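Working notes, structure below.
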Amino acid sequence: MNIRQGAKPSYPGQVRRACTVLPGKRAAIAAVIFLAVMALPGMAFAQDSEIDSGDTAWMLTSMVLVLFMTIPGLALFYGGLVRSKNVLSVLMQCFGITCLVTILWTLYAYSLAFDDSTLVTNEAGETVFAFPSSFVGGLSKVFVNPNNIGGLSGTIPESVFFCFQLTFAIITPALVVGAFAERMKFSAVLIFTGIWVTVVYAPICHMVWGGGLLSLWGAMDFAGGTVVHINAGIAALVACLMVGKRSGFPKTPMPPHNVAMCVTGAAMLWVGWFGFNAGSQLAADITAGMAMLVTQVATAMAAFTWMMCEWIKHGKPSAVGIATGAVAGLVAITPASGYVGPIGALVIGLVAGVVCFVAATTVKNALGYDDSLDAFGVHAVGGIVGALLTGIFAANTLGAFSGTVADIDIVKQFGIQCAAVAFTILWCGVWSFLILKGIDLTIGLRVDEEEEIEGLDISLHSESSYNL
Amino acid sequence: MKKVEAIVKPFKLEEVKEALAGLGIQGMTVTEVKGFGRQKGHKELYRGAEYVVEFLPKMKIEVVVPEDLLENTVKAIVDAASTGRMGDGKIFVSPVDDAVRIRTGESGDVAIG
Amino acid sequence: MNIRQGAKPSYPGQVRRACTVLPGKRAAIAAVIFLAVMALPGMAFAQDSEIDSGDTAWMLTSMVLVLFMTIPGLALFYGGLVRSKNVLSVLMQCFGITCLVTILWTLYAYSLAFDDSTLVTNEAGETVFAFPSSFVGGLSKVFVNPNNIGGLSGTIPESVFFCFQLTFAIITPALVVGAFAERMKFSAVLIFTGIWVTVVYAPICHMVWGGGLLSLWGAMDFAGGTVVHINAGIAALVACLMVGKRSGFPKTPMPPHNVAMCVTGAAMLWVGWFGFNAGSQLAADITAGMAMLVTQVATAMAAFTWMMCEWIKHGKPSAVGIATGAVAGLVAITPASGYVGPIGALVIGLVAGVVCFVAATTVKNALGYDDSLDAFGVHAVGGIVGALLTGIFAANTLGAFSGTVADIDIVKQFGIQCAAVAFTILWCGVWSFLILKGIDLTIGLRVDEEEEIEGLDISLHSESSYNL
Amino acid sequence: MNIRQGAKPSYPGQVRRACTVLPGKRAAIAAVIFLAVMALPGMAFAQDSEIDSGDTAWMLTSMVLVLFMTIPGLALFYGGLVRSKNVLSVLMQCFGITCLVTILWTLYAYSLAFDDSTLVTNEAGETVFAFPSSFVGGLSKVFVNPNNIGGLSGTIPESVFFCFQLTFAIITPALVVGAFAERMKFSAVLIFTGIWVTVVYAPICHMVWGGGLLSLWGAMDFAGGTVVHINAGIAALVACLMVGKRSGFPKTPMPPHNVAMCVTGAAMLWVGWFGFNAGSQLAADITAGMAMLVTQVATAMAAFTWMMCEWIKHGKPSAVGIATGAVAGLVAITPASGYVGPIGALVIGLVAGVVCFVAATTVKNALGYDDSLDAFGVHAVGGIVGALLTGIFAANTLGAFSGTVADIDIVKQFGIQCAAVAFTILWCGVWSFLILKGIDLTIGLRVDEEEEIEGLDISLHSESSYNL
Amino acid sequence: MKKVEAIVKPFKLEEVKEALAGLGIQGMTVTEVKGFGRQKGHKELYRGAEYVVEFLPKMKIEVVVPEDLLENTVKAIVDAASTGRMGDGKIFVSPVDDAVRIRTGESGDVAIG
Amino acid sequence: MKKVEAIVKPFKLEEVKEALAGLGIQGMTVTEVKGFGRQKGHKELYRGAEYVVEFLPKMKIEVVVPEDLLENTVKAIVDAASTGRMGDGKIFVSPVDDAVRIRTGESGDVAIG
């Protein structure tokens, strides 16, 4: 029963493309190559010629765009929202996470997510459930080097696939920063990140994109609704509950210290997100193009919706509002991006705009938790909206509202999406709690009050951002 | 010698400056301050959290004048800075014992000429 | 007489490429495909293989670059130039326009610009003048969805072409913001944008790039001299005249509140503009490469020239000056970018630098209109300079000054360019006036004076940018 | 003995690829084309079809990324580090250099670097030493125009190669700005840049990448360790010694006026650097992918290391520190990027982090020169670390520490790298000294003290950046 | 009429404001200042260069009060602003000859009411 | 007790501070202000529009001293802050009734020690 997959790794692109209606040029290329190889047996360049320079060009670019989302994008978006005495601490957290995750990904975390050599297949060659391979990858890709990562992954170099996925592993814990900003110890942030990437991110990534559990269930997540956003958002909620409120919250107003910086960061997130979503196709093809289009549409719609909600409720639309709405739209379209069509994306944007607006304003204020920068309200809530609506609007049978996926049973798929969301919430919630508890009991999560009032920039980093 | 301290609305600064110049006053010192008073602050709004900005931007103009110019100075400021609306500001007059011009070391009225 | 074009849409890339001297690899590929199809009739992947992953990769990237020009690029460039009490209003306008135009483009505006199914052709298969198809596109591409936009446009997915053109439709009204900044109502900005994109932008775009009137005349506009810059610049002039001067202008100095922000935005515009110009080739080929090269050269030259003008006239070169000069160069090279050579680009940059410098300083001050951020002085004037000089330097018969277009009659082409410019000025001027008049008579264009003095950030958006 | 190379220019990509272990698809493509040409003699599109749209797409993108490094990246990184009265002067210097170098490159400097028509070859067709062709290129590419630059360079348009290399020529003198910031005359900066690019940059570039002396020696410099970083760093040291200390240095503290701006710039440098390193392969292939991967790894490691050094030494990690460490890592991996593997890159990052930290803090303070923004401490020192370690970690015989280069004699290669570094230091040091001396004796290098105290923004540019 | 000038730690501003409001004082003017005193500044660190920030951020609250309110005002500020730690700040009391409300031209105690 | 208010050029702040420290003065309060006087402002230039910045950056140093230190204080400031050029600034001396140290509640000369 334990047949190793051997030379046919199940990379996410392929897993996901399995249910797209437009197999596109990949199939065509495969056919060509097959013919070529048949015709010219033994030609030395047969394997090399599988690389597609166009796909590779786009994926090199996509990696750059996704890194751009975290630094400087997210760093500015979050940095602008905090008070001026904490801006550097947020930038440091984004930078520190970027560095740390890169190192761990190189040493072992990539292997835990994407080494599929331990996957178990049945006689028909289909991957089947097994322990632990349905939860975590193998160890054959630890200490990456030209010998274990020097080849291709589909039509692109595996090194590029490694880098692209690395940027996802970077931004996910960086998103969590929004929840505990302005009060958590820098050392605790780094330790949390290191453990969390190992026991939460890499496994969930493996389960969704590496041939693990959720992919066996048939969950659809084009670019990371569960892996990135629900994951980050749930960790954020747990973190802000465990770290506690900022001193003075909610009585003292804590307005953004630099809204222009925040809006700049949001714009960069928007721009970079095309690498995230259209890049997740791992190719420069028709599906990537449609992913780009629906990303733009859903984002614009969500931003516009959030703005209109404010206009109606408070009489005035705000810059922080439109920027936050854009992020909510980006989050919601993420899992859907390779599957839905433009009009479906309009609906997803509309729903995400309204729901996240309510979550980040009314609900948060009602419940009174201090999710400083709304990492939960935007990423978990938006991610859930997107993951569920993916199950509906992916279907290619909805007229102008059609997506691109054929043969989809909407009710069943919606059920699968619900199950995948619930599983992610559970896995992430429990582990995040345990990790944070452990840190709290040892080095402590939080700076002391005097340091908090002085600001983390001076108290943790001996710097102040502005000497104007 | 008296110090006249006027707290005015920022966009009145230019007019006050010109009114003082009209009296032959050649020097003054200006500070950005925040005022709290009867004038209501505006509210600001961030992600559904409303809060009121109670401290409003004002300009403090300090000018030290010889006693004989005092009355005109105050009058000129009142005329220039008044809009008739809440928050126009205040003028405070207080005694100054002496003034020194750092460049020359001169003191007394001549130092503020 | 009414023969529908059927399967041969006249997309701008193709219209424009018709007169380039280097038909490049497109012809070669066509030949190969032709041969392949001949040789292997009925092969299933024949149509799919028309997509070029390299071209698609570049166009995905180009779309991202052009979006980057508006948010954050233009937003920062303009945001830095206004006073600190209005910076968020400018950022909001850029964001709001981005969202609104995306939604309209998806619903119907793309169809008005690029649905060529109503174009009328003669017996020789050439498109001929007809009403209304020479002024506006058809309606077969409204409510875009995988069924009407899921195929290819040339060698790239039509969804990518849609997105690329969308970013042009976004930046054009966003450029106009520079003229009425610091005093126009946000609601009026949005309404103006919606109508203007419908009755000015989409039709002009159709006339130049969609097979309409100006393309029948033979006007050359590689990347949007008329469509984007003259269009935006004329609307800007009309708008600043109709909205009126800022309170205090010109007596009160209104220096930029953050020159570093403005220069940062200019740098981003420069960087993103390569997507604009080199992307307008719709392919990663020799013409795209040359478009990139001449864009860089003209921009550098114009910036340097503006700087030297200031140095000579005022004794000191300034940062706002060099940044503005760069933008003037970018504008001027836009219509010329796929046609002229590097030395021609040097000349275009030189002329644009001098002329725009005079327009934005002496002329504006002399005439006394309040074009807050010089949208007219830079975009209309620079666009006209570029459109006219394109008629000259495109010719491949000028020695080192040569462009790449063969068989061009310089005098005649110059005349065509003049006519195209004049037509655009007229169409845009009249419509812009009517739209603004209509808004003025209904909801009003302008905030009241007290709001203006308080600043639009607080009065319209209840926010202030800086809480340092 | 003087056989002209004719149609086979020795472009850097090719020079460098000569010793990579993965000749990759280029060989494969060549073979295909060879076969095709054999089979179909005289087919008109044979030459055209050599262009690879995927490679071209990536190189168009890479050019944009490298320009993005200078403006806005480096401009913000440096601009944030100076005092607020000098921020615009730094931005102006970056912009001015960008413009000036673009113009010179177009007129003649590209030719001096990359016109290989004067190279001398022996009977076996190998380039051999000759004067002056081993030091400087020919003049057949002056006044670039479609006739001398309209073709291909390898698989990409030569115009794109021109632009890509131009962005390297721009950033190199821009890096030097860090050494003399806050006190040098703007006119002197421009004159220095113009001469320096002509007599230092273009020749060194030719010697390393254009078939000149250092390439004959066999020096390995994938993306510019010698050409860009050591070159810039040495010029920086000479410049800061000759221009003299800032008034008040080192007694008066001169903290960065805007650390958030500086960190933003560093993030942009990081992001753009993938164009620099992975772009230097001139193709979207396996080597480019590996270059991307090692760049990310070394940078993260160096940033993390610098941060830990601070944490250990001063008790607190700082934002300026982690940002500077990232730049040090980027510099060090530059020469090595196409040759080493990920674990080798980790080591390079570690060494660069420690060594540059010591150089920029302890050594600088001990010796007391005023390298305002550590252009020497980061670029020369980091560049030397990288150039030397390239000789070691390129070898594909080091197990998990392997690079990708076969048949490398580590000891010999290390010797060659030392020689190349020494030569660059000498050439650049002597010329930089002479140029600066000349300027000092004529128009003078430095503003007078009153101007310096007032700040260069007001005294040289009549502007102040912030009017908040 | 007296002017009470209090230099306090920035985060005490809100409490002082409320304490004054508690006394019925309806107006005050606030300035961001830098204080130098016994309280040690923190050190900042840039690329290995350490330096001490000696001037610490403080808030100066100026309030002009009728003589009878003076004592209570000073007491209220001391109570609200004191933390018992170095750097809590100072209060200075000085004479004011007159006050004028710009809006109305009224002067004397009524102008500051 | 007297308040000495000195308006000086910003780059002289450090020297004045040291001069005062030399007299044993341990506390002072500094504010960024804009001064208007005989010293000509510089012009700034934006896209061909020139305008003159009339208000120049200055530093206001406020120090409250016991009467006996007054003379030396003024002298020390004049010596430290003078460059002999227009715009060196002014010193104003005014009466202070009392001072209170917030931390301890002490008042009088001991509060400013």
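Should a chain be cited, it is by its letter among A, B, C, D, E and F, assigned in written order, with residues numbered from 1 in that chain.
Rule of thumb we're sticking to: a contact is a pair of C-beta atoms (placed from the backbone, for glycine too) under 8 Å apart; a residue touches a chain by one contact, two chains touch by 3 or more.
Just so it is clear, the model here is predicted, and its values are computed rather than measured.
The chains in contact with chain A and with chain C alike are B, D. In this structure chain C contacts its sequence twin chain D using mostly different residue numbers, the overlap staying below half. Interface comparison, A-B versus D-F: the higher number of contacting C-beta pairs is recorded for A-B.
Counted by residue number, the contact pairs of A-B are over half the same as those of C-F, the matching pair from B-C, C-F or D-F.
Centre-to-centre separation of chain D and chain E, using mean CA positions: 55 Å. Taking each chain's centre as the average of its CA atoms, chain A and chain D sit 33 Å apart. Centre-to-centre separation between chain A and chain E, using Cα means, comes to 49 Å.
Those residues of chain A in touch with two or more other chains are numbered 52-55, 57-58, 61, 255-256, 258, 284, 314, 316, 318, 320, 462-464, 466, 468. Looking at chain E, one finds that residues 31, 44-46, 94-95 touch two or more other chains. Contact between chains, as defined at the top, is found for A-B, A-C, A-D, A-E, B-C, B-E, B-F, C-D, C-F, D-E, D-F, E-F.
On the side of chain B, the complex with chain F involves touching residues 3, 17, 26-31, 64, 94-103, 105, 111-112.
Of all residues in chain A, those touching chain D in their complex are 44-45, 48-49, 51-58, 60-61, 63-64, 67-68, 71-72, 75-76, 79, 87-88, 91-92, 95-96, 98-100, 102-103, 106, 143-147, 149-152, 156-160, 162-163, 166, 186, 258, 261, 284, 457, 460-468. Against chain F, in their complex, chain D makes its touches with residues 252, 453-454, 458, 462-464. Residues 44-51 of chain E are the ones that touch chain D when the two sit in their complex. Residues 11, 14, 42-46 of chain F are the ones that touch chain D when the two sit in their complex.
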